[in-house]
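In what follows, chain A forms one complex with chain B and a second complex with chain C.
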Partner chain A sequence: MFLGKIGNLRRWVVRMIRSDGTHAAIFLIPSLVGVTIFFFLPFGIGFYYSLVDTPIDGKFVGIRNYVDLLGNNSFRRAIWNTFLFTVLCVPMNMLLSLLLASLLNGRVFGQRWFRIAFLSPLVIPVASIVLIWQIFFDLNGILNNWMNAWGVASKDWMEGGSALYIAIMIYVWKNVGYNMLLFLAGLQNIPIDHYEAARIDGAGRWRQWRSITLVYLTPTTFFVFIMSIINSFKVFRETYMLAGPYPHPSLYMLQHFMNNMFQQLDYQKMTSAAFMMATVIVMLVMILFMVERRFSRWL
Partner chain B sequence: MKHKMIGKKGFILSLITLMLVLSACSSSNPSASSPVNSLSNEEKSATDKPNSNEKKVITLSVIKSTRFLELAKEKFEAANPTIKIEIKPSYTVPEVSGRITVARGGGINPVEVEKFVTTVNAELMNGNASDIIAVDELAYNKYAEKGLLTNLIDFMDKTNGFNQDDYFMNVLDALKNKDGLYALPYGVMTSVWFGNQERLAGLNLDPAKAWTWDEFEKKMKTLANDGSKDPLVRYLNPDKLLLEMVSKDMDKFLDVNEKKAKFQDQAFIDMLKQAKSFYDLKIISPLEQPKGPGKAIKMGESLGLKDALSLSEITTYSSLSFASMFYDKPLLYQAPTSEPKDGNSFESNMLLSINNKSENKKEAWSFLQFLISEEMQSSPELEGLPVNKKASQAQIDASAANKDMKLSPEFIEAAKELLPQLKRYSGLDPKIKKILIDETEPFFSGQKSAETVANSIQNKVSLYLEE
Partner chain C sequence: MDIIRRLRERKASIGSTIYKSLLTLLLLMLVVVIVFPIVITVTHSFMSPSELKIELAPILGAQSDEENADSLVKMLSEGEYVRLHWVPFQVTLNAYYDILLRQPQFLFLFWNSMKMTIPIVAGQLIVSLLAGYAFSQLRFRLREPLFFAYIVVMLMPFQVTLVPNYIMANWMGLINSEWSIILPGIFSAFGVFLMRQFMQAVPYSYVEAARMDGAGHFTIMLTIVLPMCRSGMAALAVLAFIDNWNMVEQPLIFLKDAMKQPLSVYLSYINEADIGIAFTASVLYMLPAILLMLYAEKELVEGVQLSGIKG
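This part shows the complex of A and B:
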């Protein structure tokens, strides 16, 4: 009886060792270690900083840092700006990239070159492009020179309401190619038979697009949506290079706040801001994911 | 069906990866600093070990070491054989070129400053920062609030060797943050105006009296109408004039404790307009290029300049000799402010703080105290005016006795009042200084209105202060 149990156990261990899961785990160890050291550990340490009062020998203060942060004017401005930017950018970017993908999906003259052209912003180093923009939008830059030539007064583009639109333009320029590629892949996965069947049933182009293309593109659209949101947070790099740590107030994003806090060694504000932002994004992604699941079940 | 399942799994997987990337994004800053930490850690232990048995090592972090600090280190080590001072500059002058990359505004290259700030921050976080830190490029008031720096007042009261009467406590009091003193200047600078008596004599202007920019403007206009073609105020560029005007009236525009900026006020807009009007009215006009070869002069010789006034940064007592080089009959005038004010303001080119985590606070303080001792403060290498009274007295007496400097007794009397009159610290936060310089440039070149510029300065400075 007892021996039998041991035999069972041994057999169970051997089966476990030989199972795919174990092998997978062994192969995963290196990357897991890397992820733990570089991602989870700092994340945990960051969380600790957000709960104490000073970075060295701090006392535990609970959520006070978070409460203080919500009362901070610069932080609130950063949140509002980031939100506004995302809300404006993401739909615009998605519509534009879908349009481009639809145009480039069929047989178009110079199709291959167009695709490469739209993808080029992904491979060009940002620093070199920012330099050109700086020259273009500067108070004494090219754009103002042109305007002067037409008899219009100069305007400081980076210091005014236009700054936000410039940032949106940069974001769209940078991301539209990538999203277009994703949409293109989605479009090419749609079986042609469906269109043929629909045509035989007498569906027009609009009807085909609405009932076949759009429906089949839903998973891609979700993915593009999430990627666009995440990329909209990354526009910080370009705006920081373009306008520095203290840009026009409409360009002051969450990452400006965090970057400046890091420079000033205010880890409390920085980490609590980072955690708030991470929480919001994770929640957003979860919700989107839930909606997607519902939607595909309904499909 | 199976195909779809795999697609879905792939989707889930990619989502998970995304979240990982996200979490990495938001916490990448602490991790980015950790390699720096470990590196400096190793370096530190490597340098510490051989000495730690016999000597106490006091470390001092600066952007760039100075000859004064090197001299102090030498003398201090000779006097205290058990203590070793280690100066850790983050920037060393390349030997080949032998010159420092100086940025606009006279500071060290911003990249070097940033490197220094990052290193010090990383070390502070790691708990192995130097015992003494140069904090003039750091937002040290914020650090002090976080308890990272030692309150030096505690040492000043306790140490029996420290007698407050020996020092210009007005200078140290001006640097206090609430009730604590977290940074010690060993040399200070202030700006005054050298006046040319040959031009100013008829204007009924009392050099010792506080005066305002409005009076300044009025007197200069009167002078402009006297028919002579000579320049009025020796040229200084708009940046410098503006920083001079703002720093002398800093309390009017900045409330650091309340985290409020008031650059949108009419007072600031008026100040901007007034500064520009000095140039438009030719009160300050560009220097004319001298015709023919320039001549070199020796100390004590006079250039016999014709301007009425010139703004001068007094960095050492010997810089007073420029007055007699400029004018045949120089006098020292108070710096104008927007409204009459008691006392003058000062800056320091180096502020030193003691790390609150330091294990050698006492020794660190004894080194700081050595820096402001009569011996060190009398050194010709001192960068700035001494904060030690005896050293100051000795230097003034030496200047008065120096026949080559040709300073009149009146001038010397005025110079004696320089240090006791320093009552406000006007060192602008480096970030705010940069914002001011960058934003006002299009105003002085006539491309933007004063209101627009004031508005944008206000926005940026508020962002910074409220962070």
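This part shows the complex of A and C:
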């Protein structure tokens, strides 16, 4: 009986070792430890800071920091601008890259070189290209020179409502190639006989596009959407280098706000803002996942 | 009848030729718009400092006034706009010579950039390979929520964890050391996400069959999954390189020492201070990224495409 128990135990241990869970733990540990130390843990600490009045030996103040933050005008402006920027630039970028991918799909002369050319802005370092944008959009820059030739009075493009559009343009310029590549891949994975069958059934071009292309592109579109949002946060670097820590109000993003709070050592405001932003991101990802699940069942 | 059909076919082929030429033309125009800033950077890198100063005087404005009271520069800058010339009046390699041979600090900072970027890329590849395998090929209880957490981390802008990260680095004694940049870079959630996407494309039946034959997961990863995801690894390497080669915020915050900064930081200051070599420094700086892209273009395309298949 005793021997039998040991045998059971051994079998259990062997099964545990051979189970996927144990292996998963081994494979995941390096990444998990790192991500915990550099992201999860800091995030927890950040949440704690957002609830106290000073970082060192602070008193617990509950949601006061959040209330203060919501009453802060520049924070509200930053939220609105970030929202506006994302809502404008992400769909625009997706549409343009889908259009480009459709144009490049099929047998196009020099497709490989077009692909490289469209992808090239991605590899160009930010710092190098900022100089060019400066030359272009400065009050005495090239754009105004051209505009003058057309009889339009010159203005400082980074100091006005146009600043936001310049940021959007830079974003699209930089990211359209990458997304185009993703869409191109999606398009090339659609079996051609689907189109033929649809044509025989009398479906027009628009109908084919809507019922075949669009449906098959759904998973790609989700991926592109996620990537577009990540990259929309990264445009901050360009705008910061172009316009500094206090750009025109229409360009003042959440990242500017957090950056400036960091410079002013106002950690409470910064961590509360960070946590609010994170909450929104979590909700966004959840919605995205739900929609995707719904879609994949529907397909 | 036959003639009519042939005529119709001919008409269609003419139509498609016109369409194709128009398409190529349109694409070429788009390429010009997209590549234009890069071309300008390259042509300007061959200009002499005085030519650059004259051309860009209108936007350099006040600065050039106090720096050198060059009457010519001043005269030309009054109320003028930048008139871009695409081709240098006189091609000179002076700026290259200056940077590469007479300013050791450039090469030094270039080396700094390499010293940070290469360990990040290498580490990220290994860590992401392992974690990606777990997320794509293994079944375990917390898989979905954990992966969800990774996606959330991936979407966070850098500023969100900035302060706590600083405190952690300080606590570990990493401030002012390259490791405060390298370590967070290695454990990027994006790398794990990307590798998981690539590995999802490997059919589970392959792994199962190998398991039946008694192969361990480590062997399977190295002999089956890894060879099938080569293009994915290459894509991740290129993307990680570009991302970290470009970093500006992290070094500025974590590295106090000016001599430890990477080239990207130096470059964002050089623009104003020393316009004569700014373009040349830019070209030299973007060279590794461009060479890498041309070298790995096929893999990058394949890899990026693979990752898009299964959303």
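FYI, the second predicted complex is superposed on the first by the 284 of 299 C-alpha atoms of A that agree within 3 Å, B and C clash if a C-alpha of one lies under 4 Å from a C-alpha of the other, contacts with A are read in each partner's own complex, and residues count from 1 in each chain.
Simple rule for what comes next: a contact is a pair of C-beta atoms (placed from the backbone, for glycine too) under 8 Å apart; a residue touches a chain by one contact, two chains touch by 3 or more.
In this text, all values refer to a predicted model and were calculated from it rather than measured experimentally.
Of the two partner chains placed around the shared chain by superposition, chain B is the only one that A:248 touches, whereas chain C remains out of contact. Contacts of A:61 after superposition on the shared chain: neither chain B nor chain C is touched. Looking at the shared chain after the overlay, A:282 reaches both chain B and chain C. Once the two complexes are laid over each other on the shared chain, residue contacts for A:88 go to neither chain B nor chain C. Looking at the superposed arrangement, the partner reaching more residues of chain A, out of chain B and chain C, is C. Within the superposed three-chain model, A:77 lies in touch with chain B and out of touch with chain C [touch as defined at top]. After overlaying the two complexes on the shared chain, residue contacts for A:260 are found with chain B alone; chain C is out of touch.
In the superposed pair of complexes, A:221 makes contact with chain C only, with no contact to chain B. With both structures placed on the common chain, the touch criterion links A:38 to chain B and to chain C. Of the two partner chains, chain C is the only one that A:100 touches; chain B does not reach it. Touching of chain A by both chain B and chain C, each in its own complex, is seen for residues 35, 38-43, 45-46, 49, 139-140, 154, 219, 223, 226, 230, 233, 258, 262, 267, 270-271, 274-275, 277-278, 281-282, 285, 289, 292. Within the complex, the chain A residues that touch chain C are 20-21, 23-25, 27-28, 30-32, 34-35, 37-46, 49, 100, 103-104, 108-110, 112, 114-136, 138-142, 144-145, 148, 154, 173, 176-178, 181-186, 188-189, 218-224, 226, 229-230, 233-234, 236-237, 241, 254-255, 258-259, 262, 267, 270-271, 274-275, 277-278, 281-282, 284-285, 289, 292.
Put simply, chain B touches chain A in their complex at residues 7-8, 11, 14-15, 18-31, 34, 117-118, 121, 124-125, 127, 139, 142-143, 146-148, 356-357, 431, 435, 442, 447-448, 452, 456, 459-460, 462-464, 466-467. Across the interface of their complex, chain A is touched by residues 20, 23-24, 26-27, 30-31, 34-35, 37-38, 40-41, 56, 58-59, 61, 80-84, 126-128, 130-131, 133-135, 138-141, 143, 146, 148-157, 159-165, 167-168, 183-184, 186-187, 189-190, 192, 197, 217, 221, 242, 245-246, 248-249, 253, 264, 267-268, 271, 278-279, 282-283, 285-286, 289-290, 292-294, 297, 300-301, 304-311 of chain C. Across the complex, chain A meets chain B through its residues 35, 38-43, 45-46, 49, 54-57, 72-75, 77, 139-140, 154, 156, 159, 219, 223, 226, 230, 233, 245-246, 248-249, 252, 257-258, 260-267, 269-271, 274-275, 277-278, 281-282, 285, 289, 292, 296.
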